[in-house]
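Lettered A, B, C and D in written order, each chain numbered from 1.
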Amino acid sequence: MSTINDVNICIATPNGSGSASANNILFKSIFKMGIPCSSKNMFPSNIQSMPTWYEIRASSAGFGSRKDVIDVMVTFNPETGASDVGKLRENGLLLYDTGACEESWLSRNDIQKIGFPATELSKQIPNAKIRSKLRNMIYVGVISSLFGISREVLIAVLRDTFGDKPEVIESNLMAIELGSKWVEENQVTQDICTLVTIEGGNKGKILSDGNTCSALGAIYGGVSVVAWYPITPSSSLAETMEKYLPELRMDEDKNPTYAVIQAEDEIAAAGIITGAGWAGARAMTATSGPGLSLMNEMIGLAYFTEIPSSYFIVQRGGPSTGLPTRTQQSDILSMYFASHGDTRHVILLPHDLQTCFEFSKLCLDLADQLQTPVFFASDLDLGMNIRPSEPLELKSPSLNRGKLIHEKDIEAQGNQFRRYFDLDGDGIPQRTIPGNQHPKAVYFCSGAGHNADAKRSEDPGDYKELLDRLLKKNHTARLLAPQPLVETSETSRIGMISFGSSVEAVREARHRMNQDGIKTSHLTLLALPLSPLVKDFIQKHEITLIVEQNRDGQVASIVRMDWPELAQKIDSVLVYDGLPVTAGSVHRLSMEKLGGKLL
Amino acid sequence: MSTINDVNICIATPNGSGSASANNILFKSIFKMGIPCSSKNMFPSNIQSMPTWYEIRASSAGFGSRKDVIDVMVTFNPETGASDVGKLRENGLLLYDTGACEESWLSRNDIQKIGFPATELSKQIPNAKIRSKLRNMIYVGVISSLFGISREVLIAVLRDTFGDKPEVIESNLMAIELGSKWVEENQVTQDICTLVTIEGGNKGKILSDGNTCSALGAIYGGVSVVAWYPITPSSSLAETMEKYLPELRMDEDKNPTYAVIQAEDEIAAAGIITGAGWAGARAMTATSGPGLSLMNEMIGLAYFTEIPSSYFIVQRGGPSTGLPTRTQQSDILSMYFASHGDTRHVILLPHDLQTCFEFSKLCLDLADQLQTPVFFASDLDLGMNIRPSEPLELKSPSLNRGKLIHEKDIEAQGNQFRRYFDLDGDGIPQRTIPGNQHPKAVYFCSGAGHNADAKRSEDPGDYKELLDRLLKKNHTARLLAPQPLVETSETSRIGMISFGSSVEAVREARHRMNQDGIKTSHLTLLALPLSPLVKDFIQKHEITLIVEQNRDGQVASIVRMDWPELAQKIDSVLVYDGLPVTAGSVHRLSMEKLGGKLL
Amino acid sequence: MSEAKEFLNRLNLAEKDYSGAPSTMCQGCGHDAISASIRKAFYDSSIDPKQVIKLSGIGCSSKTPAYFLGKAFGINTVHGRMSAVATGAIVANHTLLPIGVSGDGDTSAIGLGNFCHMIRRNLNFTYIIENNGVYGLTKGQFSATADKGTALKKGKINQNEAIDLCELAITMGATFVARSFSGDRKQLAPLIQAALAHKGLAILDVLSPCVTFNNHEGSKKSLKNIRAHLDPIHDIDFMPGAELIEVDYKKGSETEVVLYDGSIVTLKKLHENYDPMNKMGAILELNQAKTDGKFLTGLIYFEPNRPTFTEQLDIRGTALAYLPEDKLRPSIKHLDAINKKLSM
Amino acid sequence: MSEAKEFLNRLNLAEKDYSGAPSTMCQGCGHDAISASIRKAFYDSSIDPKQVIKLSGIGCSSKTPAYFLGKAFGINTVHGRMSAVATGAIVANHTLLPIGVSGDGDTSAIGLGNFCHMIRRNLNFTYIIENNGVYGLTKGQFSATADKGTALKKGKINQNEAIDLCELAITMGATFVARSFSGDRKQLAPLIQAALAHKGLAILDVLSPCVTFNNHEGSKKSLKNIRAHLDPIHDIDFMPGAELIEVDYKKGSETEVVLYDGSIVTLKKLHENYDPMNKMGAILELNQAKTDGKFLTGLIYFEPNRPTFTEQLDIRGTALAYLPEDKLRPSIKHLDAINKKLSM
């Protein structure tokens, strides 16, 4: 049964072989047709020649998570061909190069197979140098003809992509045409899916990835010091800032209103933003697990001395080097408890491009408001995979610098200032920064025990008071941080909680469960520490499943620690194989969990 | 009412003023009289001139934790004199130097006061250079006469201490005599306590601190590579090893069977033991909170690659630099979850000198058995304060090297070896080490994803299998690690759990509660992950209080995570001001907690 | 009763206006003497403490910023990371005058990598190492600047060659490298003044005996041994730029180095042919001194015109930390354009 | 069909016995060429792979130990910490022959401090830096050995002076420092042989173009630019000690350096008066080459007789890792004595 605009195409290639560009053009073309679509790039920790899979999903219902079924497989990687064929669904379509195919791939009889002579065809490309790269464009041509992507759309996308390089457009187009002509000449067809333009579909929408939107969010959030050390999958966040900053953040004298520093390591990156935060700049770093591990000590300093600083953590498969190019949500507890000693941190959990954009600014705001390190927790799937979104919207009107006070403020309050005194009962003291000329403004900042006047103290009472106030501040954060989004249905006894890059898969899984007759409510968690609304939500439901991309149910652990009385009302759905989570796995695992409990 | 052998003497001095030696001699003298006694040194993070308090407790009932009441205060520190006087109990005894005393100190009328001219008397010491140091010995003399420590005992202790330096013995004795003569001549008395020799008391007992016993334990545990970086309060653990190793661990050719490496930082220290562990040596490091924070990344590598390594963490007041010379148990979660990614670690929790000795070897054993980093969690109180104990006993007969296999083992099992294959279903694979000449022994060890054959793999299935097996190993550890000590009483509805340096205070607090008519059971926790016996214990009691020296109830959190169904049956008693925990505070806080629940 | 008239500097501040909290160092610790020289240097150069930031790592030495310039903001960071924290603070506010104090353990052990990278960047920063060859605060273990053959109090002998932080700093591209001795205020104070006036990174490696843990026979960094082997390469004088204008400074004495703010450093040579602007010469001389068992002191290397880190970053004008919101946030118009571009 | 006779070395091993897993480097990557030279060096020196341990950090370069000597144990550690892990492994088993591969990012950025300290200790270790001036594996950002003025593919210009790892290594006291080029197997392979035979730490800084991210115009570490500016200080030959005995080696050619195991390195001078055993001379020459825009290659510095780290620790005989229990545990008698002493 052929669908309209519902298909999942998986393209298997060796990386560094030029397929990235071909896949991108194919994906953008489908987007341009107005069809709801998404893409997932599953690439190796390597620069050239190792297996990559790029999945493009068109979903008429508008589901954007990775699909658990592969309808079309393009096998352009001899190394993985045999196993790739095995991943195709029954009646799925295998596309392969007759010039680079092994017999074993063709043994399945329950699938459709279309072999085309890509290698042979590519010889018609005059420039031998680019021939092997352009071989990938041939499958773009084949697919476009098989599924119904028009030449006009392809040309428009080529233009958008290669703008000022007509010769590149031309050579790519030629390769595409080699493919589509072959289909037409050979009158090949498939009965998987037809792609049909939706007028006005995707109109105004953008295509981007989380890291780009985070970078833009931080720039609009007034960040002025960025220190980072390269590491996948966070590098592109910092690098995108480096790209946009020069155009967005020059003052009238053409001087930058920012500094981006590629540090010598993550300890230095954390040190730099701690120093910058102490001196009053809005400062951030971006890193992933291994960098986070190295930053622990500095995070403890910032926590204990109450220095605003923002840590953008783009999570990947851990522990250790783990799967550096695969996705996971397994650094939650590492962030939450970062540093030795009694520490608790604030973590923001964006789940789409708009929240990536918004929460980046919010992260800088909250760091200033709470005077503490704040974490922005993304992951590889959210950070690096291209997806559609409504245009980015600047919601919060101005920067919140919290209780940062200046000369006139000190005067206004009777020439009094006590750096670490809980003036307002929210645990958050006032703060001055170097350069303040008021004689009472000065304090000495130290990671060793100190009293409310910032004097070093080993007094047991002072010390306990400080620790208790820091915890109070963390409680304040429960309400200051973004509150969860709750969708409840009166009739549902089952709650589901998800966050980050799982949210979209859970939406689809709930849809399927609904079709099975199982109604669920949903809470999108946007931050830690947990809001009281999470408690309400769990209390309201007989059972709440917390969906996470880690082995240990890290957010569920936090729920148990915070509200032990609710502990028996929650259970975990855990997906942690490094691939973007699918609705299918959430659906299946949820049903398993519920099986024993409710049904 | 004067007691016999029940007193808590607090000696307040500036540090670096020579009081350490005087206090030590006083304490040892009481020990030598056969009286149950203990000492607590509360010193500043500084080398000279800042306030130190040394408390000596004699307890006829044999309670060894810090006493919450000060019976005698020796005010030899002008800086803290006024507040020190305030700490004395009613009818307590103030001892002060009439030559260095402020009027304000003498304003309390509810105490006994004895001023003696220490400064004046010290002028009789001929050698002017050592006069100010020996001034401290004068209070030793005064106390000995006031409380009944005989000259013979003092001389014996001086001999033990200064063995081969008769001139030092003599000058110290002279200073002591200046003090005691003054008491005798002036016929001064007190009615606080009389110290009375107990024949055969303390017989055979040793006086030592946890760090010394850990050091000896590791040496007897066959450690061969020690890498460390100085940090209070763990330095003395490594330094004691350096002291004992040359006499204990030379082979017949006078070559050392060990290496101690003072690394350039904690990352290097962790790296060195990881390298040594990989290569097959039993290796350890010793550090405290800040060092632990820095070691996170390396710990993750060892966890993921399954390299045995032992981390001796002597906890202090955190977070950050915190109170570096004060005690705490606040690095439990940092150890438990060390490193980014899904990690769980094994932690040993010694609580007295014998367990410090035993668990050090056990730590090295478990690291080898489980092929993972194992933590030995001590703290400043346990590690650095001198206390009596039965002689150290070597219990476990031989070293356990776990599944470390050699050429003949591989042959015996059919020339097969798979580094990361779960042969026995306990999650623990077999291990070979470099130097093994069997052609099948070799493997490439990597912190990146790998399969059971130690080949690098990004396959989602391989990755999940690995993570799951690592968790299984952690479950195996629940039974492999030392099981808790349980003292239950049939009639008690209340359980108490404690560990480490709190155990002794809890013993005394339970005694007091028992006197109040409240019966309690007790579980001494010896390791994490939690043993199933902990679950049984909690289940058996209506309410279980977990006593911890941290703000956040870190062990309680782990209980909640592991057994959410028990969460409502536990509560926390938290003491975290940096001073050694007292029975009084445990008693008071426990009653507060119970108040609302049971009484 | 007549009050003694206080001497005031050009800002009408007395020396006591440059003091801080009472020291908690051991009596006789070299670090206290260095604090005194720092106070004197700031006073003599008439620098407003409110324009200064003080930084440090962890150690006895790193505690000392609390003991001078109590009117300046200060931060005590973590062990070995002053260089990184200073980098951030200086980038956030390049208009302030930063001074840092570190120990030899802090700098040459745990902090070595970050130290080297800070040097490469030519941060505008005065970085003082209070070098006693041991970890003072943790009770006297060897640091990486402990001299080969030195004995610990407990007897252990150091087998490793000491890291020469001046040689290393020159190799890594430092633009101002000096060595001095805590007890030589006449040399140290003007060196600090010159370092503060230098545009770029100034490293001062100051020998500073630890009287508690490293002052015995057998220690090469004992007070006595240092005193006996000091080898100054010149006598040094410093004249702040501002004062020059007033006193109509007469040029021509010995060697003069004019700093970017017009200050003048006068070096009266004691070593024949020593040119502090010759990198290779400086390294050779340092190595010769090592061979001779001497402590070369003075301004060892100097390079005046390299762009500082904030200059490389084009940071000028208002400090980043003080930029108002309208400078920090791009316009909505720009966002619209970006959205448009992303939708193509 | 006649089979081509395989050439075998003294251990009767063929070159393929020194191979590893297939490489996953980009085609043409300098690192692959270095792997080939490593294989050749081990083969030529007739070293038993089972006696070798291989170590690395993280990076493209650090992956390569999987691609040679598949019969040797290997470990891929964490970014920048090979030096520390190697220290532990070598102390645990000093009887094996250790070789490590790191990248310029791994060594000169995150790992710099630990690298310097490893050098100070004179670990008996062959440490190869595959130096391409960029972070290859993270897609081409500058490393700290990127040359000043070099442009990234995307246009960014490096403002910092490159760290010269050879100069730094000499300054920190390395006892064997060489530079070579991945494409010059004739020079590189004997240098590796000499490094393996050296008793002490051998640093080999090998220029190794990243053909994917750092091979464009404007890059000083492009294949083309390196080739054009190579400046070898000598031709080098290596003769393993064991073979010498057999072939009755005739002494007297050019400069010879005899290594502790009897191996002989022959250096045919190309640079007048260059003495690889003169530390200051080596540093001067490196700086001159930098000024001239040249890549000096060859055995730059060499010091034969410094005790290695394990020698300093008095580790001899059986490896610590292989000590039996009776060597590792003191007797109960000793414990009794300790208990007795503690009870006094």
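The rule we apply is simple: contacts are C-beta pairs under 8 Å (C-beta built on N, C-alpha and C of every residue); 3 or more make two chains touch, one makes a residue touch a chain.
What you are looking at is a predicted structure, and each value in this text was computed from that prediction instead of being measured.
S.K.: In terms of C-beta pairs in contact, which of A-D and A-C ranks higher?
M.R.: A-C
S.K.: If we define chain centres by averaging CA atoms, which chain lands farthest from chain D? Would you check?
M.R.: The most distant chain relative to chain D turns out to be B.
S.K.: Let me have the rounded angstrom distance from the C-alpha centre of chain A over to the C-alpha centre of chain D, please.
M.R.: Measuring from centre to centre gives 40 Å for this pair.
S.K.: Using mean CA coordinates as chain centres, what's the gap between chain A and chain C in Å?
M.R.: 43
S.K.: Please tell me the distance, in whole Å, between the geometric centres of chain C and chain D computed from their C-alpha atoms.
M.R.: About 36 Å separates the centre of chain C from that of chain D.
S.K.: Among the residues of chain A, which are close enough to touch at least two other chains?
M.R.: In chain A, residues 45, 264-265, 267, 290, 297, 301, 305, 320-321, 446-448 touch at least two other chains, as defined above.
S.K.: Using the touch rule from the top of the page, what residues of chain C touch 2 or more other chains?
M.R.: 58, 76, 78, 109-110, 112-114, 117, 144
S.K.: List the residues on chain D that touch chain B in their complex, please.
M.R.: It is residues 50, 53, 55, 58, 65-66, 70-78, 81, 83-93, 95-96, 113-114, 117, 310, 313-317, 319-323, 325, 327-330, 332, 334-336, 338-339, 342-344 of chain D that touch chain B.
S.K.: For chain B, which residues count as touching chain C in their complex?
M.R.: Touching chain C from chain B are residues 16, 45-50, 229-232, 235, 242, 262, 264-266, 290, 320-321.
S.K.: Show me the residue ranges of chain C that touch chain D in the complex, using the header's touch definition.
M.R.: Residues 109-117, 120-121, 144, 159-161, 163, 167-168, 171-173, 279-280, 283-284, 287, 307, 312 of chain C touch chain D in their complex.
S.K.: Considering only the defined contacts, which chain C positions touch chain B in the complex?
M.R.: Those in contact with chain B are residues 24-27, 58, 60, 76, 78-80, 105, 109-110, 112, 135-139, 141-142, 144, 156, 212.
S.K.: Considering only the defined contacts, which chain A positions touch chain C in the complex?
M.R.: Where chain A meets chain C, its residues are 160, 204-208, 212, 216, 219-225, 227, 244, 247-249, 251, 253, 255-259, 261, 263-265, 267-283, 297-298, 301, 305, 391-392, 394, 398-399, 432-437, 439, 442-448, 456.
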